[in-house]
Every structure is written in structure tokens, then in C-alpha cells.
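Two complexes come next, and they have one chain in common, subunit A, joined by subunit B in the first and subunit C in the second.
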Partner chain A sequence: MELLAQQLITGIATGGIYACMALAVVMIYQAIHHLNFAQGEMAMFSTFIAWQMLAWGVPYWLVIPLTVVISFAGGVAIERLVIRPLGDAPVLSHIVVFIGLFAIINSLAGFIWDFTIKPFPSPFGEGSQFGGLISNHQVGMIAVTMTVLVILFLFFQYTRVGLAMRAAAENPASARLVGIRVGWMIALGWGMAAAIGAIAGILIAPIVFLEPNMMLSILLYGFAGAVLGGLTSPTGAVFGGFMVGIIENLAGTYIPVIGGELKLPIALFLIVTVLVFKPTGLFGRTVVQRV
Partner chain B sequence: MSVNTTTTGESQAAEQQGISLPAPAAATGNAKIMRTAGIILLAIGVAAPFLSGNFLIFQLTMMMIYAIAILGLNILTGINGQFSLGHGAFYAVGAYTAAIMMDQFGVGYLWTLPMAGIICFVVGFLFGLPALRLEGVYLALATFALAVVTPQLFKLTPFEHWTSGVMGIVISKPEAPFGLPLNPDQWLYFLTFAVGLVAYVCARNLVGSRTGRALMAIRDNPIAARSMGVNTALFKSLAFGVSALYTGVAGALGAIVVQYISPDSFHFALSVALVVGLVVGGVGWLPGALFGGAFIMFVPNIAEELSKGLSGAVYGVIMILMMYAIPTGLGGLLKAALGALSKRSMTR
Partner chain C sequence: MSMLLEVTGLHASYGDFRVLHGLDFSVEKGGISTLLGANGAGKTTTLRALCGMIKRSGTIRFDGNDISGKATEDIVRMGVAHVPEGRGTFTGLTTEENLQCGAMTRSSRAEIARDLEQAYHWFPRLRERRNQQAGTLSGGEQQMLAIARALMLRPRLMLLDEPSFGLAPLIVQEMFSILRKVNEEEQVSMLIVEQNAGVVLELADTAFVLETGDIVMSGTAAEIRDNETIRAAYLGY
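Coming up: the complex of A and B.
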């Protein structure tokens, strides 16, 4: 029983990482209706920027807002410079561009900061809660994820810009007719996704260490969480992220043969099984199509 | 990433082409151009191994192997409209089938190809059944999961007896049979060349057949296809099976040519590369597979030459520029060019 409780808490803690990433994935999916493969790399790059500023001696409380602002600008810039010229090219072409972005950002980070693993300090300091079950950092991470989720909810529900963004994603033609600048709303979506990614990166880096490939498997788990929860629902994504963390930990502990190597396949397998029974995810809306 | 959007874009392109080619004369003119291009390509293909060094022959062979795999992916994505980010998995299954049969049971390498095809067909068909429920992004994730899971499965201890786990399997290079005056590299080149030709002709006939039309009808409008009496579930699973068969045969050839396989040879980057090759060649245009194979085989090397440290970035930039220049791949470009050509000849 104690093992179960401990594994559950560990699961929730790692789930927090995935929830962060899943939230960023859903944000951008809401804005552009594509899965962005370069999302993880964008978050990684932001984290390197934060690391660089820390290395220059900038205090932590200043580094986080600066990184978020820089990442936001970076996300908007990528949309304006790289994605926008594509226009309405086929979906698969967009995917190839994302793969290209992935390669570019990954390679650039390796070129600037090289591929050695770097420790990244936690903004919440060392120490742990509940008799060593969960570290301060993990508590902080879950709290931040939840806060970001609430802020996003309020933003989309109660602000004009949030409403405009939703309208632009839902029905671009009609949104344009009522005077919403759809192009800029999409850029805003990219910026916000990059900013959330930066927060996710800073929260994740103290756990997995900082290196150019750190986001690869986390992005996968993030995708899995987002899809499990339903790509149309930020709340679902956060829930899905936590679920993936818990499933992964419990499967690794209780199913023999699996061990560490097969944690990821098992998590993915379970998610695909869920999808087969609930094809739009647990919280997703079914899109009704006119013939 | 919804597949519907691709397909509507494509069917529009097809319509445009249909409108621009009303005169049979123009159509036969285009067919003539294509046939001439095909014959020239064939001649180059036959001559190439006698004019180049062994390493280049090896690279060309790998290019054709990727082309066969992309051809399989094209049948699924381009013709049937189902998206797959996991074809590396079928490639791996094919490669392991060939390697295990040769290594454990001493089967001749030629016999491993049909076997790999059959096994991959069954695996693909079975995977296609649950995939029926999924669409767009969700299907992408499911197939992606397949690509991530498969190499891990080959590492599992219970299978280690056959797969040798992470150590991988070494295969010896086959000699040319019947005393043909070819070195092993040249022989494997011609073997791949022949398999590729057969694969291409079969794919073309499949697309032109009743089955092919059913597959395309499902791509363009699943509901309409069903109401016309097409068994969508059966045909979608079949498309998965046939597509996996192609990719599996490519995997088996790849194992024989590279002479070594291990789970890490089939990292999901392979699946991603196949998708890139598909898009660059042109989704739904079968000959595009060859161009796609060439792209994923040679462009990373070129990028490496241009800049050692930033090779990934260079590759990425080339990929993105390619998508700006020809967003519908080489196939889309050719279609547009031929359409313009025939329009001009008509007005004249």
C-alpha cells in the first residue's frame, strides 16, 4: 500500500512535467490545428536562454519573466517569418516544416551550447515535503502548472483577446468578417505556446538536466497526455498529462518484464487503447461534419 | 494534421488537372513526356552501377530501398488518405524477418523478401483494424507510438534468442548468382532495382484498378464512398496491409544491403524521414517516391558537407525552403507544369 501511495505521488510529480508540456501543445493546437513537432525544441531553446542568463549572474526572479518575454517574441517571430509564408499549403507540408524547424533549433542549440549535460538549479530550492515523498521542486511545479491553467482559463473565458483567439481558431472566415485580425491571433497563439513552453522547460530542466535532446521524450509524453485528454480542452490536457505520469509509473512498478526501458511503450500502448474506445480523447469534443 | 484537409486539397488539384486536360491529344502528349522520362530513368538506372564506385552504388541502392518504403507509405497516405508516422516500424519488422530467417534458419536471402512482405502485410492489416477508429492527429499519434514501441520490443529479453537484443545481427553479403560478372554491390543494386520496378508496376496497377478507385474514393469522401457500397473498413485495413508489405520488403532489402541490424537502426527518426521523403516527392504521385528517397538519402550528406557543426540546421533549412518552393512536392510541381504545357498547346 505504501509502495502504491509512493508510486502514485511520484507519478503525479512526473505527470506535472507532462501536464506542462501537454498544455503548451494544446495551446498551439487550438490556435493552428496542427501538432507542432518543434514545440519541445522551442522549450529547450528557451531553457538554454534562461541558463545562459543565470550563468551571467542575473537573479532568478528576473530570469523567468525575461525568458518568458523573449520566448513569446520568438514564438511570434517564428510564426511571422517561417509559418506564415507557407499560407494554406497542404497539412503534410506544414509537418515537414515543423520537422525542419526541429532540426534547425536542435542543431543550433548544440552548436551554441554544445551537447554536454548541464545542471539547472530549481527556482524552488532544495528540500522536500511530506517526509521526503515529494521534493519542493515537484510541489512548485504542480502549483505553477495549475496556476498557468487557471490563468489561461480566465484569459480565454473572460477577456476580449481570448475570445477573439477562440473565434479565429474556430471559424477564421467569420472571425475576419467581424473584424478580428486572424493572422495576428495565430501569431499570438504561437507566442503564448512558446511562453508556456519556456515555463515548462524551466520547470523540467532541474529534473532531467539541460541538454539539446532533453525534450524529445518529454514532448512525446506531452503529446500523449494532450491526445489522451482531448486536444480541444486545456483542462483535459493537464489531466491527461498527470494520467500519463501515473500510468507510466504504475506500469513500470507492477507489470513484470517491463522495467524502465518499456515504460514509454506501455504508456503509449495504454493511450492508444483509450483512443480506440474514445477516439477524440477523454475530454475532447466530437467534431460534427457536414457531408 | 487532419487528413481531410490534405485530401480536399488534393482532390482539388486533381480536378484542376482534369479541367486542364480535356483534349485527348494533350493527355497523350503528357503521357508521352512521362514515358520518355521513364525510359531515360531506366537507362540511367541500368548504366549507373557500371559507372560509379562501390560506395556510390551502395548509396544508390539505399536510395531505391527508401523509395520502395516511401511508395508503400504513399499508397496509405497519398491514395487512401490515412496518415502514418510509424512506417519505420514496418521497415523494422521486415528487416528483422529477413535477418532472423537468414541468421537462425539459414534461409536464402531471396526467400526472405516474400516472407517479410507477408508478415508485414499481416501486421499492417491487424494494426489497421484498431486504426479504423482513429483519424488525423489521433492516428498520427497511434502510428507514432508504433514506431517508438517496435524497436523496444526487439530489445526484450524473451526474444533475445532470435534478435540478439541490443547487439543486433550481422548478415553476410550475398554474391552474384549464376556466375554473373558483377561484384556483390552491383548485384544487390540490380536486385533492388528489379524489386523496385516490380513494386512500382504493381502499385500503379493497384491504383488504376477497381480497388485503387475504392481507396481513392475513401480518401476523398469516406461517407460518400460508403454509401456507394465500398466496404470502407475492409479497404482501409487492406491499404494498411499493402502499405506495410511494401515497407517490409524494403526493410528486408535494407537489412541485406547494410548487412547489420540492431534495434537502434530503427529509431523513429526513420519514420520521420520516410514522411519527409513522401511529402518532398509528392503525396499521391507514385514516381515521387524515387525523388523522396534521393532527398532523404543524399540531402543530409550534402548538409554535412556544407557545415559540420550545423548540419542539422542546414538540413532543416533545405527542408523548409523546399516546402516554400514546392509545397505539394515534386509531383505537384510536375502536375502544374504539365497542366500549363498542355493548356498552351491547346490555345495554339
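Coming up: the complex of A and C.
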């Protein structure tokens, strides 16, 4: 029983990270209809920036907002300099550019900070709660991801910029006709996705350790969450991320053949299953429309 | 009479395919002009060219300023509201969110709230549907929504692309009578593109007849309406 509770909590904690990555992926997908394969590498790079500032002695409470702001600016810059010039180029051009970004960011991180694995301190310190049932870091992960998700929900639901972003993603031509600067909304989406990724990276780094390839599997789980929830639904992506986290942990613990080593294929298995049986995902909608 | 919109020598093309061959037309301040023409004549293209959705050349003077080089968003911000072909509904947003989008370029929350009430006053059916996903509205309701959304800009000029398309005659009557009231009470000038010449000629003061990218006839709406030769030759009724 205690093992089950522990696995569930671990699942929810890592699920929050997958939910953030899934949300970042879906935000960009909705705006440009392409999957950003470099999302994980962007998050990894942000985490290195945080690590560097910590190494320079900047206090943690300052490192997090600084990293978020820098990452936001980086996301906007990538959109303006690399993605926007692509315009309506075919899918393959986008894939090539994303793979290029992936490789460049990855090797740049390796070049600056080398490929050795680095420990990354938790912002919430060591120790645990409820007689060792849940570590302080897990409590912090759950609290932070939940807060981020609630803020984003409020932003998209109740602010004018949030509404403008939704309108621009749904119907760019109509959005221009009401005066929304669609190009900037897309850039804003990239900035926000990068900032969310940075938070996810900082939260997961104490668990997987910091190195240029740390986000590979995390992004795969994020994709699985996004696909499970439906690429067209931010809410679905968040739900999917949490589900993937829970399924991953329970399967790893209770299905003997899977164990710790074979957890990764679960993500692939989930992606393929969803795409075969319910391509729109659990929440994805083909928008109801009368003609 | 001073002109709000004055277009001279408007050319536009899709790639190498030239669609408009130098149009001259205008809309008076406070007036309603209509651009009539059969399917494929270039009516939609004309409206797209006016607000910079496609490449164009020629002079487009809006309230004295040449807007022929401006981007769509900037033209909209000057007070030109385009109700596009197909209505351009944000189908995944609610009715009220669609209306809020129409006021996206404005800043005063109090004024926007007042105009929202005004929009519901013009179109009471939209108030009943305010929290409904806009894609589930009927065709007529979506057309009303498109017009109401355009009004949320507090436009000086409205461009309407075949507002009567696909609607039952009674609904068309209702919609045109609202357009007339909007024009009279709020001094919104309009350029209405139509195939349905009969109805719009009752509303407009000036008419232009478009045929394969050229204006072949123009005059007061009454002249065009009362001239049987023109009606038979160009308007088919």
C-alpha cells in the first residue's frame, strides 16, 4: 500500500514535468502546426544557464526568475530568427530546421559546459515529509507545476493577450482582420513555451542530473502526454502528461518485465497506441462546425 | 461630397494570375457603396486587396491617407472592419469571446463593455448564445456574429463580403435593416459586395458593377436599379 502511494506521488511529481513539456509542445503546435523537436534541448540549455548562475553564487530565489526571463527572450529570438523566415515552407523543411536546432543547442551546451554529468541542487533542499513518503523536492515539483499550470490557465482564459493568442492560433487570417499582430502572438507563444521548459528543466535536473542529453527521454514522455491528451488541447496535454507520469511509474514497479530499464518504450507504446486507436487523443476535438 | 475611401487604378493578382485590372471606385463619408458582380468577377479579391491581405498596386486613400502599402493589422487599426467571405468565425471560441476579439485593438474596458451591450442590442440572438461555442451557431447567427464583431472595432468603414450568402430571405431582410440602422445611427460607412443585387441596391447610395476584374458600370444605386438594360446585362434579374 505504501509502495503504491509512493509510486503514485512519484508519478504525479514527474507527471507534472511531462505536463509542462507537453503543454510547451502543444502551444507551439497550435500556432505553427509543427512539433518542436528542439523543445527539450531548449529546456536543457535553460537549466545549464541556471546551473551556471548558481555556480557563480547567485542565490536560488534569483536564479529561477532570471532563467525564466532569459529563456523567454531566447524562445522569442529563436522564433524571430529561425522559425519565422521559414513561413509556410513544407513539413520537411521544418523538421530539418528543428533537428538542426536540436543538434546545435545540444553541442553548444556540450562545448560550453562539457558532457560530464553534474549534480543539480534542489531549490527545495533535501529531506522528506510524511515519514519519508514524499521528498521535499517532490512536494516542490508538484506545487510549482500546479501553480504554473493554473497561472497559464487563468492567463489564456481571462486576459486579452491570452484571448488574442488563442484567436491567432485558431484562425490567423481572421485574427489579422481584427487587428491582432499574429506574428508577435506566435513569438510570444515560443517565449512562453521556452519559459515553461526552463521551469521543467530546473525541476527535473536534481532527479536525472544535469548533462546535455538529460531532456531526451523527458521530451519523449512529454510528446506521449501531448499525443495522449490530443495535440489540439492544452488541457488535454496537461492531463496526458500527468497520466504518462503515473502510468510510467506504476508499470515500472508492478509489471516485472518492464522494470526500470524498459520504462522508456512505454512512452513509444503509448504514442503508437493513441495514434492508432484515437488519433485526436482523449481531449482533442475536431471543432464542431456547421457549414 | 468628401470621400472616405477613394480607390484609383487598383491592380491585384494571385501569383502570375492577374485578377483586378485597375479599378476606380469610392465610398462617401457616411455613405454605402456596393460592388456588384457575378461569381468570379473579383469582388472578394477587391476587398482583400483593400485591406492588404494580398499584393496590390494603385492608390487606396482612406480618409486622405494612402493605405496601399500598409499591413492588414495597421489598416484595421485605422478603423476598417472587414467581414470576410465565409464569415471568419473563431469557431472554437465562444460567441462573446469572438466579440471581445473584435475590440482587441481598443483599450477602454468601459467602452468595450458598453459596445458589447450595444452589439447584443442589435443582435439579441447573440446574447442568448453568448457562452456557446461559435462554430455551433447557425449560418445566419454566424453572419450576425461577424457583423457584430466588426462593429466592436468602432469602425469608420465596414467592408462586407456577400453578407446575404446562403441565408434565408427573411434573415437577409432583417440583417440589411440592421445595417441600415447602423449606418444611420452610428455613421459607419460601408462597402458591400454582393451578387444579390436586388436587396443591396435598396440600401446603397452608389453602385459599381464589376466584370472579370474591370468596373464596367457605375452610378447611383437608383440609376442602376431602374435601368432594365443594365439589370438584364450584368445583374441577371
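The criterion applied here is as follows: the second predicted complex is superposed on the first by the 278 of 291 C-alpha atoms of A that agree within 3 Å, B and C clash if a C-alpha of one lies under 4 Å from a C-alpha of the other, contacts with A are read in each partner's own complex, and residues count from 1 in each chain.
Note that contacts are C-beta pairs under 8 Å (C-beta built on N, C-alpha and C of every residue); 3 or more make two chains touch, one makes a residue touch a chain.
None of the values given here were measured: they were computed from a predicted structure.
Applying the stated contact rule after C-alpha superposition, one finds that A:180 touches subunit C and leaves subunit B untouched.
Of the two partner chains, subunit B is the only one that A:99 touches; subunit C does not reach it. In the overlay built on the shared chain, the residue A:85 is in contact with subunit B alone; subunit C does not reach it.
Ranked by how many residues of subunit A each touches, subunit B and subunit C are led by B. Within the superposed three-chain model, A:125 lies out of touch with both subunit B and subunit C [touch as defined at top].
Contacts of A:170 after superposition: subunit C is touched, whereas subunit B is not reached.
In the superposed model, A:280 makes contact with subunit B only, not with subunit C. Under the contact criterion defined above, the residues of subunit A that touch both subunit B in one complex and subunit C in the other are 289, 291.
Those residues of subunit B lying in contact with subunit A across their complex are 1-6, 9-10, 77, 83, 130, 133-135, 137-138, 140-142, 144-145, 148-149, 152-153, 155-158, 221, 223-224, 272, 275-276, 278-280, 283, 309-320, 322-324, 327-329. Residues 160, 163-164, 166-167, 170-171, 173-182, 287-291 of subunit A touch subunit C in their complex. Per the touch definition, subunit A reaches subunit B in the complex via residues 29, 33-35, 82, 85-86, 88-97, 99-104, 106-108, 110-111, 220, 223-224, 227, 231, 257, 261-262, 264-265, 268-269, 271-272, 275-277, 279-281, 289, 291. Those residues of subunit C whose C-beta lies close enough to touch subunit A in the complex are 51, 53, 72-73, 76-77, 81-82, 84, 88-93, 97, 100-102, 104-105, 133, 135-139, 142, 149, 153.
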